[in-house]
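Next up, some structures in structure tokens.
In the two assemblies presented below, chain A is common to both, partnered first by chain B and then by chain C.
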Partner chain A sequence: MQPSPEQLEFFAEDVSVTILPNFSLSRGQETAHCIGGDYGPFQPNFPSDVPLWLAMYLHRHKKCKIEAPAWMSIDRLQELYDQERSMAAVFQHVPYHYIEISRLLLMFAKDSFGSDFHRTRELIEMIRKVRFNKIDSGLQMLQGPMTVKLNNLSAIEINTIRPFFAGALDRFWKLAKMGETEEVPRQSSARVTQGSAESPVRQLRATVAA
Partner chain B sequence: MASQDAPGSSQVDFANLYGESDVSIIKQALISEQVCPEILQYQEDLVQRLESQISNQEATIQELNKHAEQDLLKMIYTVEVQRVKYSLRCYLRARLKKLEQHVMHCLDDPEVKERLSEKEVKYAEDYFLLLGQHISTNVLSAMPQDFKGLLRQSSVSDANDTLARPNLDTHVFCKVLEDQGNVEVDDNGDTVDFSKDDLYIVRYRPIRDLVRDNWVQLI
Partner chain C sequence: MLSDGQDFYDVTAILAGETQVPAVVRKGVKGLGPALDPSCAGRDLPANTQLDLPMWLLPTMAARTSAHVMLPRFYGEKMRRKLQAGAHCEDLRSRCLYFYDVAEALNDIVHQPALEQLTMMAFQGRYRELLTKAHTAAEGPALTKLKAKLTAEETNLFAAGAASMSAFERYRYSTSTAIRGPRIGPNAQKGRLALTRPALQDIANQADSRRPGNVRK
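And then the complex of A and B:
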């Protein structure tokens, strides 16, 4: 059992973002006292930090403008993308829920990005592909029972590889326990990873070269 | 260490994502329960605190109904209460699902039974009764005399050996919350350096105690 994609999005909605409200709550009650914390006070055009779910809710009712998070600026994303590409062995630090957050914001709060919207979406998509490419090549290294370090992997990335990765390691462990040689699992695992890696990896290289 | 080599304000700290409010704690409890092979200790205090907070907040919402100008605030509270309720429901459901999977194991092992809430024990007993009756009438009644046992494969088995037990050797993803130094991950004495914020995929059994004591978080 693992969190569903919908649940991951739900978890991601607890991330804090900055909004510019265009309303104020009534007098005597300027702050919202929620179970998860106090949010506000809200004054028109005074920035306020709220969780993403609240920002999305207010935005849907045209009550605020969401400021795009700093890491989602084009310069930062470009820098991140270059670093991600230049260092093949490590994953760059990204917000744990970067895919979910960017999806929600790019879908429902387009006005936060203005003219940068398309470029931002494109960069995030590129970063996502580079990272998945790395994961794929990482999976091909898998041979025999081991503990693997995966620093800076994000929630969706973990969820995506969990069934295969954990399953493969479970199998390796079981076979090692039985005292068998590792020949059989190694061959089959290499075949599977190469097969699954094929299309996205090739596509990516093609776009990069072009 | 890990936090130092990643400077800049673009970083969202895990502390922001998993802060200290009960809402964050139930979220982590839910994730742990979903990905952990065995059933974990029931968070009785946490569930109670959340339940009372929810009912307080619902009372506040009722109160706000009288003031039309507070509509927005009321809606904000309502949305949040729904979110908290959802987390709580998911947590309880995730536990029930695991309970059903290993119902005999949970009731058989006193140490595991300790981890369940009163209601969960009741649920498990009822469930086991139904399951047992079903298997007895439909399967075991047709078996030869020596193989009629629900808990033992045959009358010569010396222990309860039909019980499905969780496999603690499955691999889990985990995040290290505090420096742990070298942790033994293998029977051969192989160790791995667990530093703060590291993320590992590792066999569950060696890190079981670290998870229980909250040094390591399942993700």
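And then the complex of A and C:
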């Protein structure tokens, strides 16, 4: 059973992001102790790296401002989009959870992007579409049980094609295997019953009473 | 298929095993004439009778050389020419619902390279032209027409691709981040998201009904 997109988003929330807190913890308590680790220290306007789930929690309670990751800047996204379009056979390197992270930040931390919000969302959507088109055209190239390189695919992209891709490769493998069966005499191949059908008849020994 | 026992409880293998395959019974069968061949006049089936037998029966009979198995028409030369002309146009569903599984099982009995070539050619063509549309095809008459041509194995593959894509689309357009808990179970009452309003009402009614003389209307 493959994970759902919501479960992948749960994993994506462990990605580290930078926040600018507007609070400080009480004296003597430098960091926040959580099951996943210690985060902090938190001082107003001093950047701190925390996992995305904690950043969203603090942001929801108006305790911090989330800084947009460097890869989500307009220039970087535009460059990425151009490279994706120019190289049809190669997937550019993007963060493994780029769809989930961008969805969460664009939905719940709009203020992190300011006036670039709409352009950022549009560019990420364009990049996603280009990559999915590449995946579709790549799937059409499949002609047998071959080894396929899937470099730089993101979690959701892999998850989306997994059942179809694995099922198609399985079927190709089964069909190719049909041609590799060992040569056995025609019309006598069932392994279970072949032995019983052709085993020599066992002669009963005559016992002589003493 | 069923002969190796590994898929004994597999419903797909059982249904595929019901496919009728032409065969010639080399030895006579006593007492089972009408059961195997409804057109049989007597009680016994004479030797060298040609009839259609279910696929599940054939591995055992072939191994004991009591039947000569022939390829069904949908694996024949005419079908090969049709598939060469355009595998995606052919309605394999109406020919044989389990086209590939039956071919795989038959291959263990008849060992004909042409069978492997035919099924591989069919799947390659149909995969490229029909199945790769699983991620992009929109609901409509065209999709219904496409699905009507697919065999059971192809339908499963197509449905798997379409389901994963629709799950992603649903996620993309959803505005919630909460992973919903089960409606029943030990943690059901902790997260209100997990329970719908009618379910909460049911729980309240059940709690009230346990108290004598206090029934909520």
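The definition used in the following text is that the second predicted complex is superposed on the first by the 179 of 210 C-alpha atoms of A that agree within 3 Å, B and C clash if a C-alpha of one lies under 4 Å from a C-alpha of the other, contacts with A are read in each partner's own complex, and residues count from 1 in each chain.
To be clear about the criterion, a contact is a pair of C-beta atoms (placed from the backbone, for glycine too) under 8 Å apart; a residue touches a chain by one contact, two chains touch by 3 or more.
These figures come from a predicted structure and were not determined experimentally.
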Touched partner set for A:136, first chain B, second chain C, both or neither: second
Partner chain in contact with A:74 - chain B first, chain C second, else both or neither: neither
Which of chain B and chain C A:34 touches, first, second, both or neither: first
Partner chain(s) touched by A:160 [first = chain B, second = chain C, both, neither]: second
Which superposed partner A:2 touches (first chain B, second chain C, both, neither): both
Which superposed partner A:26 touches (first chain B, second chain C, both, neither): first
Chain B versus chain C as contact partner of A:96, first or second or both or neither: first
Partner chain(s) touched by A:10 [first = chain B, second = chain C, both, neither]: both
Overlapping contact positions on chain A, where the chain C interface meets the chain B interface: 2, 7, 10, 162, 174
Residue ranges of chain A touching chain C (in the complex, touch as defined): 2, 4-7, 9-10, 99, 103-104, 107-108, 132, 136, 139-140, 142-144, 156, 159-164, 167-168, 171-172, 174-176, 178-179, 181, 183-184, 186-194, 197
In the complex with chain A, residue positions of chain B that touch it: 2, 6, 9-12, 14, 16-17, 19, 21-24, 27, 30-31, 34-35, 50, 53-54, 57, 67, 69-70, 72-73, 75-77, 79-81, 83-84, 86, 90, 94, 97-98, 167, 169-173, 185-186, 190, 192, 197-203, 219
Of all residues in chain C, those that touch chain A in their complex: 3-5, 59-60, 62-65, 68-69, 100, 103-104, 107-111, 113, 115-117, 119-120, 123-124, 127-128, 131-132, 134-136, 153, 156-158, 160-161, 163-165, 167-168, 170-172, 175, 177, 179
Complex contact set, residues of chain A against chain B: 1-3, 7, 10-11, 13-16, 23, 25-26, 29, 32, 34-37, 39, 53-54, 57, 63, 69-71, 76, 80, 93, 95-97, 145, 147-153, 155, 158, 162, 165-166, 169-170, 173-174
